[in-house]
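Please go over the structures that come below.
Two complexes, one shared chain (chain A), two partners (chain B, chain C).
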Partner chain A sequence: MLLGVNMMKYLKVAGAFYRYCLIRLLEFRSEFWTWSLVSPGWGFLSLATILLIFNQVNDIAGWTRTEVVLTSVAGSIFMSLLWWMVFPSLYNFMELIRTGGFDFYLLKPINSQFLVSVSRFEFDNYLRVVIMVGLLIFLGLTGYITATLASVVCFVVTIFFGLIIFYSFFFIISTLAIWLINMEGIEDFFDSVITLGRYPTYIYNGVLRVVFFYIIPMAFVATFPIKVLLGKTGLETVVLSGLMAGGFLLASHKFWLFALRHYSSASS
Partner chain B sequence: MRKYVYLVWISFQSLFEYRLNFFWRIAGTTIWTPVMYSLWVAILETGFGGDKYTPYTMGIYYIAISFATFFCQFNPHIIAMEIRRGAMSVDMLRPWSYFCKYFLLSVAEKVILFSLFVSLLFFFILGGKVAVIAEVGMLQFLVSIILAMFMGLFLSLILGGLAFWFKRIYGFASFYNTVGGLFTGTLIPTDLLPKDLLVVSAYLPFQYTYFTPVQFLLKSVSFWEAVRIYSIQISWIILGYLLAKYIWEKGLRGYEAAEAVV
Partner chain C sequence: MGKYWQILKMRVQIALIYRGNIVLMRLSGLLLLTTLLSMWMSTNHTGQLGGYSLNSLISYYLVGFLLNSMVFWFCTMRIKTEITEGSLGVNALIKPISYYGANFFKELGWHLFSPLMGVLTLLIVVGVSGLRPEFNFTVLSFVSFLFSVGLGSVLFYNLSASLGVLAFWTTQVGGISSVMWMGVFLLGGQSIPLSFFPDNLRKVIDLLPFRYVYSFPLEIYTQKVTNDELVSGFATQIVWIAATYIVYQLLWKQGLKKYSAFGG
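Up next is the complex of A and B:
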């Protein structure tokens, strides 16, 4: 019962931030519409690049055109969801550390990691998510890809676990702001890391493969979800992603608590 | 003149005060470069583009493109933020050109990056590992990349100047990146594009920002061809400057600061 009440409180807080951010965005309508048009364009540009290449070749590192296109689409969806729900809060947190506003977050009667993680949402990429999901559904309905209901569910679950993995990974990096204070350049780093998950991770060899499979787990952005969707791998991948998500989330929470012990306010 | 020297000094102070900021930006590029290289090596193995690039030259290409991307980019969001927060009104009272200030405050980063890249190239040349680059090619590349940097500067001033009318410019900056992404050579070497797109690309400024300077490193370019390329880049710089000047004059005429930060 208590857990249920607490859950409702957290959901209400997240909902309130969500509504506030949506209202704030709609104040800048021209920017909203411009971005709504540009954002899907970026997704289609990636697809156009892949199709340009596949006009000349049959496969890349054993991945066919269909698989690479699907990986790019899934990568676009994943990126857009991160930009929608994760990055804005992390950038806001780093700004709060720099300006001293973080103190007020610590005084609130709610889990501080949760509060920091839901304080901002950016809806600019919503249209890209809608269009890319629509494209996936269209490709499924027209028989371009064959997927069972079970594989679709596993795909969604793997994407969800992937989001948790990358939320935790980027949260750990953002927490370094408590020591480093000014981390304005981190946006380029986040953007680069997540953009690269659009490509099948099997193109990498040697050290790069170790790095991108185990240290920065880019395979969970799009490669593993698409393999699950196409039935090329089974429940073990979903279970693995779940375990990694749990591990990363726990690590992020432990690191957060460790960082808070070293936090000293700049001013507020 | 001394005030501008001080701005350069402030730029270095700021860079070394938050060294890790520079590191994060380099880190993003450092990850992106080997990934794009790996992707293109996998593509080259299928035969596509093999007549123009080998894995070796593709490696040089992406190292140089990464450097060019970083070196020629400026951040228009800084300008937009200053306009929105009213800090621009304070800058207008200062005894210096805002355009010069904006450029000079980024000099430190560019100098450090430039030094790192040139050192890397010389390291490879002295090690005999980069046989394709001649000294003339290096000089031609250096001239072209500096011109490309000024193209990027005025583009950034144009995008940032839109903040006089729009509260957020993320959409416009991303629109430029989206359209330019195909033609700048970052996603795909521009000379591997289909012929129709190549023709379009020749009339746009994008390929002259990153792709064209990098070509000086990969193949020998005649003196007159180099002059032609420099002329095109200088033309785009002049056009960019005039457009930036027009936008800023128009914008400042109607500018009202709601809050000024000293």
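Up next is the complex of A and C:
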């Protein structure tokens, strides 16, 4: 019962922030509409690049053109969801650290990690998500993907766990702001990290493969979800992604508590 | 010229203070480079790829990584902020300096430092990966390469500054600025060499400014341009620089007519 009440409180807080961000959006409508057009453009650029590359080669790390296109589409959806729900709050948190506004977040009677993680949402990429999901459905209907209902569900669950993994990973990096204060330029770095996962992770060899499979698990951005969708791997990957998500989330919380013990306010 | 020299000195000092940001930017570029090189090497292709051998393609991306720190300017958002937050009056309008020139030297301060970090990072990449950019230059072709980088850099500055002054009308310029970056990414040859495009599309791309920012210097480096194309390429770069400068001045003069700043 208590857990339910708590859960409702957290959902209400997240909902209030969500509404606030929607209202903010109305202030800059022209920019919102511009981004609505620009954002899908970036997704199409990636696809155009892949199609041009496949004019010259037969496969990339053993993956066919359709498989690489699917990986890029899944990566595009993943990136858009991060920009929608994760990155804005993390950038806001780093700005709060720099300006001293973070103190107010610590005073609120709610888990501070949760509060900073839901403080901002951006909706610029909504059309890109819609178009890319539509493209996946189109590829399914036209026979490019042979997926079952179970594999579609597993795909969605794997993407969800992947988002938790990378939320936790980026949250840990953002928490370094407590020591470093100014982390300007980190947006490009976050973007580039996700770009690593938008091609099949099997393109990396040697040390890079170890790093991108086990330390920064890039395969959870798009490679594993697409393998699950195509039935090339099964429930074991979904379970693995769930375990990884739990582990990363726990690590991010432990690191957060550790970092807070070293926090000294920038305000007076 | 002395006043611009002072701006340059000040910005070099600021760049040195915020060197961590430059390191982060180079690191971001390094991740993109890692992806592209790994992708091409995983194709196990032995023949020509869009007119490039695998080695010359690797050179294209390695030198392109260095080019990132030389030709790209990031003044759009700063100009936008100065216009929308009202600091333009103090920073430019009451001072006996050209806003175009002052911004150029502000950015140049950063530009002098960033390529050094680029070279350092590239040396680490070359050392660790064992990949080697091809380096079969004559003095003339090396000078041509550097000249084209300089012109490409000025062209990109003009494009960025022109987009920045659009803030007189639109308040936010992030979206439109992203369109320019998309242009450079695909049509400028940052993601793949332009020789991968079909011939009829290539004719259109050659008319746009993006090639002359990024791809043209790399085409000189990888020896993909003839002497005639070299001359016409330089001429096109200069024409685009002049055209974008005129556009910037028109926007600036029209924008100032409607600009009003508040505060003391």
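Definition applied: the second predicted complex is superposed on the first by the 267 of 268 C-alpha atoms of A that agree within 3 Å, B and C clash if a C-alpha of one lies under 4 Å from a C-alpha of the other, contacts with A are read in each partner's own complex, and residues count from 1 in each chain.
The rule we apply is simple: a contact is a pair of C-beta atoms (placed from the backbone, for glycine too) under 8 Å apart; a residue touches a chain by one contact, two chains touch by 3 or more.
All values reported here derive from a predicted model rather than from experimental measurement.
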- Mind checking the superposed model to see whether chain B and chain C fit together on chain A or clash? clash
- Message: On the A-aligned overlay, A:T49 touches which partner chain: chain B = first, chain C = second, or both, or neither?
- Response: both
- Message: Which partner chains sit in contact with A:E67 here, chain B, chain C, both or neither? Use first/second/both/neither.
- Response: neither
- Message: Going by the contact definition given at the top, which residues of chain A touch chain B in one complex and chain C in the other?
- Response: 28, 30-31, 34-35, 37-38, 41-42, 45, 48-49, 52-53, 55-57, 59-61, 180, 182-186, 188-189, 191-193, 195-196, 199, 203-205, 208
- Task: In the complex, go through chain B and note every residue touching chain A.
- Result: 17-18, 20-25, 27-29, 31-32, 34-35, 38-39, 41-43, 46-49, 166-172, 174-175, 177-179, 181-182, 187-188, 193-194
- Interfacial residue positions of chain A with respect to chain C in the complex: 28, 30-31, 34-35, 37-38, 41-42, 45, 48-49, 52-53, 55-57, 59-61, 180, 182-186, 188-189, 191-193, 195-196, 198-199, 202-205, 208
- What does chain A use to touch chain B in their complex? 27-28, 30-31, 34-35, 37-39, 41-42, 45-46, 48-49, 52-53, 55-61, 124, 180-186, 188-193, 195-196, 199, 203-205, 208, 212, 216
- Note on the structure: Listed in rising order, the residues of chain C that touch chain A in the complex are 18, 20-22, 24-25, 27-29, 31-32, 34-35, 38-39, 41-43, 45, 49-50, 170-172, 174-176, 178-179, 182, 185-186, 191-192, 196-197
